[in-house]
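Okay, handing you the structure first.
Chain IDs A, B, C, D and E follow the sequence of writing; residue 1 opens each chain.
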Amino acid sequence: MSATTAAPDERVRTESLTTRLMKRPELGAVGGVILVTIFFLVTASPAMFTLAGVMNFLTPAAQLGIIGIAAAMLMIGGEFDLSIGSMIAFAGMVFGVLVVSMGLPLILAIPMTMAVAASLGAVNGAIVLRTGLPSFIVTLAFLFILRGASLVGLKVFTGGATQLRGVRDAVAGDWLTPIFSGHAFGGLFRWMADQGWIATLASGNPAVPGVPVSILWFLGFAAVATFVLLRMPAGNWIFATGGDRVAASNSGVPVRRVKISLFMLTACAAALVAIITVIDTGSTDARRGFMKEFEAIIAAVIGGCLLTGGYGSAIGAFFGAIIFGMVTIGLTYTGFDQDWFQVFLGGMLLLAVVFNNAIRKRVTGER
Amino acid sequence: MSATTAAPDERVRTESLTTRLMKRPELGAVGGVILVTIFFLVTASPAMFTLAGVMNFLTPAAQLGIIGIAAAMLMIGGEFDLSIGSMIAFAGMVFGVLVVSMGLPLILAIPMTMAVAASLGAVNGAIVLRTGLPSFIVTLAFLFILRGASLVGLKVFTGGATQLRGVRDAVAGDWLTPIFSGHAFGGLFRWMADQGWIATLASGNPAVPGVPVSILWFLGFAAVATFVLLRMPAGNWIFATGGDRVAASNSGVPVRRVKISLFMLTACAAALVAIITVIDTGSTDARRGFMKEFEAIIAAVIGGCLLTGGYGSAIGAFFGAIIFGMVTIGLTYTGFDQDWFQVFLGGMLLLAVVFNNAIRKRVTGER
Amino acid sequence: MSEPIIRMQGIKKHFGNVIALNGVTFDVRPGECHCLLGDNGAGKSTFIKTMSGVHKPTEGTITFEGRPMEFSSPRDAMEAGIATVFQDLAMIPLMSVTRNFFMGREPTKGRFVKRFDLETANRITMEKMREMGINLRAPDQAVGTLSGGERQTVAIARAVHFGAKVLILDEPTSALGVRQTSNVLATIARVRAQGVGVVFISHNVRHALAVGDRFTVLNRGQTLGTAEKGQIDAAELQDLMAGGQELAALEGSLGGTI
Amino acid sequence: MSEPIIRMQGIKKHFGNVIALNGVTFDVRPGECHCLLGDNGAGKSTFIKTMSGVHKPTEGTITFEGRPMEFSSPRDAMEAGIATVFQDLAMIPLMSVTRNFFMGREPTKGRFVKRFDLETANRITMEKMREMGINLRAPDQAVGTLSGGERQTVAIARAVHFGAKVLILDEPTSALGVRQTSNVLATIARVRAQGVGVVFISHNVRHALAVGDRFTVLNRGQTLGTAEKGQIDAAELQDLMAGGQELAALEGSLGGTI
Amino acid sequence: QNIIVVAHGQANDPFWSVVRNGAMLAGDHTGASVDFRAPETFDMVAMGQLIDAAVNQQPAGIVVSIPDADALGPSIRRAVEAGIPVISMNSGGDVAADLGVRLHVGQSEYDAGVAAGARMAEMGATKAICVNHEVGNVSLDQRCAGFEEGFAQTVTVIPTQNDPTEVQSRVRAALESDPEVDAVLGLSASLVGEPAIAAVEALGRDDVRIATFDLSAGFLEAVSEGRASFAIDQQQYLQGYLPVTFLALNAEYGLMPGGDVPSGPNLVEQDAAAQAIELSAQGIR
């Protein structure tokens, strides 16, 4: 119908590859990571960027990142979950009880914990959809309820204490344990230590016994989440649902199904973190995951998610979690007076996000 | 141009007065208050609804309400402030230092504290507007920065402690003190006690020495905020700004001015609460106001504010704060086991909000 | 004459105390274009929303292919073969044109993991838009940055692409340029010839007369009556659409139809 | 011929890598209706948004009443006397009709505390809407629940009420019924007679010819030329608006103009 | 009889849950009904309001902790004025008498910190960090301050959150960035002490001495195995048990001891640790 079909459009200016790359919301948070890295390279003790140091700040970042990515997906879908942190405590309690008090093997205990978490997530979602209340207030109620229930549960099963111990003994020898705790690639690292490629401890063991499995889970989850969001129909539905619920529903997106699934996913991510940390520390207590919902949302927002839904990325939350982890742990490596910790934390966060944003704006022109 | 001008429109069904009343967002939260009251009338010790008991749960409700109403106005204007709680600590620190360490009279110390708070609020707002970042992340940075700064400030001015004492002595005798602390109508209450109309303590003093001034501030602020929102051009601008920033700006609303003013207002409300509580307790510490930003948002949301902006009311936040105050204090009047406290708190909040919502829906038809 | 695909009888719809529809009866047959006309606020959009599963009627029955039917969501209606262009277009501004085009009905590829086939989707989108007379710069432009007419064209192209049995168009040409309008009208004629039933809402008498086979006029939530093509002329129709009230006097060439 | 109120010269506007306007020159004189025509995506809305202070032009100059001018916000433009009906209407769905009508320019009463005079505002709103041919149920109905045409009428009535020197209308009649359309066209004629300069964007050749004094056609971000009334006939104009490309063949009465 | 306990630490805090267990057991033993209450976070304003609420119910006695005498003073005085016997526990021993409180059960946080610091110095440590999981909580801050005093060297306070993984990473970071640090003091055994042990062991440093306030079974195990140095025990079970018992007896027979009861400090070292493990796992120590 027109002759200009294939010819380049005169209404479009050409742009460079970097410009095109920087435009992707996934890459928005990279700038922040670079900035924070440079900051610590200058100010922190060199121990921070040894292999051991990097693993050290990546471990909390990974645990935060797993829930952060889930929170980001839920946020893209237009909802919040404030019960993530309490869910970590609750799922940890359930898992601990199943493993220690009931003595179940992991192959049963893990699916059961996940099932409990998923059904609580579904309850959250169902209430939100049924009542039309904002998810903020509904999941807030669950923040309190689950936190309280963890305490009560722990007291019942320990006979009065707020800490349930003995998980490490209970799962030792279970064939699933290495998948959820400890370090991967131990052999490789030992070999590298023997070759003198990586630092060793006084005892001759490698300073880093391997890659903590939580980091692998973190990487894997980020990859899967990104794939789902960008390359699967479900991802399209999530963006649509969060962008405009009515329009999405009118266009045939199964909005309710999407939202409920996302709530379940978030709860399961919290349960995964609970399982990993409970096995790792060998115990669980009533304060686990305190304020984690908050940090998860922070990671998602640093990574470029909009609180209003419909925009964001899993990779952004990935980098957001790394930024947050680096800043919280990194300040300990610096010589700054630790009383200033929170001031620095806030300042660095602000700087990283402003920097991200400035780069993105400069690159995409105004928007 | 048409004949049906004055005649009743056949396209409208008549509705009763109650229906029309219940439709107002201001009244949405009343249902929740009634429900919660009934619950505690049944379960709690009768001491809760004596005069002393009512004052007792209204005092925290009032302190929460002052920031809750400000948070509601900001939320209606489309923004968040997560630095409210830290601002309470910071303003409290500033005020304490001015009064105790510098020995300034209240007539100077209060305006100076307010000015500091307002300018920090303006900085918050300016960063949000300048960078286009979500206020969530910007004020989150200030959450950390101000909390950290309070700690550092307290340590500097007390020579290492995180608690600053002696405010009560410093302000005793200042003519402004009765306006910001203590109880109003003390004479009236003493007279009523002498008449035997209200309960007295063993010492013969009335059990309630008067109405805590924070309650009067709360009532006054709620009235003014409601008036501004519903009856002033500025109120219209706030709703428009939060409803759709671009549309509002295109229609000539000074969006930037509105947002900055709201940030300043929120900060000043936090400073007011700080001043009231610091004078009342006679001390301040680095943990003051911890998580209050959260509770303020809860009060606003219980009261019917939408997190996405453009909808809500000050009266709603007023009742939201009362519900929250009643539930947190009220549970201690019941015989429930403290371990279950959080479970009940969450359950009651959920119940109150669901109930509000159900009533409103039933009354307005579907929406 | 063939059986109606969809028949709506005595439809009423109340929103709280607002009565939007007060008993409307309407049907569409395969291969016909049934125009729904009426003043602003007459209830046209509300009516087609009940037809496409967005609203549940307060009263009244819907029969689809002879069977009584209750759509519980727009997805149900879509699966039954009803595609709709809503007046507000139902687009997500932050999403790309392609993603909006295929929202809810993404083409997939891959054996085990069904991936969203973006290449195919992009190609189809560009093609369908070009057929409607819009040359997009790129299929990944956000819908929010499209011009009003471009956006409307996306919605129409999408509905035509997926419209199986019934195609509902709520003022589809309101923001369109002359070329795009003539394309849309030609498209209506084409799909009608393929046996699809079309419901067409317009305020433009000339557009309605150009493609309509039957004309139903709504006024203040009620049906004023239905006319066959040829039974009614432009001036009469326009009079009905204005709700029987006279028009403002105007100079210029507007004498006849607007 | 009188001096132009507003003159825009060589306006360019880029969004990132998108070139929306590539040098457009345009002016409006008091008491004339200048029509801005063009295909979908030609850049009409972008152009009038730079005129009303929403966008800053990437390049080009704006002269207002003979003085160079830079509007830093729509509020500035409004205060200078420019009222605009945007294509997306710039309404807040959750707010009432009255509050939308007076948004940003509320009437006040009271000596010390300037209160929003809601009674007056309600009265004016109902009156102005009635003049345009819409009988609202109540002035406190939320705009989000109005029908498309009702909503558009609110935006037009508002702009007309506040339009002091220049009135810009971006496709104001797209969602309107016949009666409302004729009211709007009559209103344009009326305010023009009062010496207000009107910029009128439309895809309807007949509407443009009915009220326009001059006609400027945009195509792909550039001016194709300006014609005076009488210099050009409907078919020529329509040809220009279609960007010089032929129209789809159509049966029925659409032969001439759409 | 109804006795109300208002504490500044939450029911899910491992330390305070032991206090609560003690109070509850005392309730069982004496037949009094015990309500245990605490604000949601360390919040002096809210705590004052909880004391007011308790006074309104006219109980047979009130037990309070007093981390901030200025803030809680008016509420406590009101209780005294209303004729309710008040006993303070845990913190506030120095101000209790001025406020009209009958007696105090507990140990000053500051003194306990001094004892811990002195012991640590005695064991030969030269440079220490104090890991504070709730900076700004005055009673925790005092523990660090006392430790510094007893240790007679500057002590760096490392602020952290409640999350064991983060605590572990930060302790490790602190040790790596300053290899001279050879002593770690935690302010909570389960929240800080156990992750600190894990961090030190991951670094393979056996010259670092680890001590903590309060007890947890896991930490005690480490002490008994020699992987950690000692835990500071306030015997906070007594802080819950004794005041309730005293008040119940007071209500029944008008009895009241004549002076304060110090419940600690008591350093649990390798020899005594094994015995405490089981009790700790049950929430008694």
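One rule holds for everything that comes next: a contact is a pair of C-beta atoms (placed from the backbone, for glycine too) under 8 Å apart; a residue touches a chain by one contact, two chains touch by 3 or more.
Please read these numbers as outputs of a predicted model, since none were measured by experiment.
Enquirer: Quick check on the contact network: minimum steps from chain A to chain E?
Expert: 1
Enquirer: Calculate how many whole Å lie between the centre of chain D and the centre of chain E, each centre taken as the average of the chain's C-alpha atoms.
Expert: 71
Enquirer: Quick one: chain B and chain E, Cα centre-to-centre, how many Å?
Expert: Comparing mean C-alpha positions, chain E is 33 Å from chain B.
Enquirer: How far is the middle of chain A from the middle of chain D, if each middle is the mean of its Cα atoms, in Å?
Expert: It comes to 48 Å between the two C-alpha centres.
Enquirer: Mind pulling the chain A residues that touch 2 or more other chains?
Expert: 1-2, 11-12, 147, 151, 155, 339, 341-342
Enquirer: Residue numbers in chain E touching 2 or more other chains?
Expert: 11, 135
Enquirer: Where in chain C do residues touch at least two different other chains?
Expert: In chain C, residues 15, 18, 88, 133, 137, 245 touch at least two other chains, as defined above.
Enquirer: Applying that definition of touch, give me each pair of chains that meets it.
Expert: Applying the touch criterion to every chain pair yields A-B, A-C, A-D, A-E, B-C, B-D, B-E, C-D.
Enquirer: Hey, which residues of chain D end up touching chain A in the complex?
Expert: Chain D residues touching chain A: 14-20, 22, 220-221, 245.
Enquirer: Which of the residues in chain E come into contact with chain A in the complex?
Expert: 11-14, 17, 21, 135, 156-159, 161-166, 168-170, 172-174, 176-178, 190-191, 194-195, 198, 203-205, 216-218, 280-284
Enquirer: Give the list of chain C residues in touch with chain A in this complex.
Expert: Result: residues 52, 54, 73-75, 78, 84, 86, 88-95, 99-100, 102-106, 108, 113-116, 118, 130-131, 133, 135, 137-138 of chain C touch chain A.
Enquirer: Under the touch definition given earlier, write down the residues of chain A that touch chain D in their complex.
Expert: Chain A residues touching chain D: 1-2, 10-15, 19, 364-367.
Enquirer: State the interface residues of chain A toward chain B in the complex, per the touch definition above.
Expert: Result: residues 80, 127, 131-134, 136-138, 140-149, 151-152, 155, 297-298, 301-302, 306-308, 339-347, 349-350, 353-354, 357-358, 361 of chain A touch chain B.
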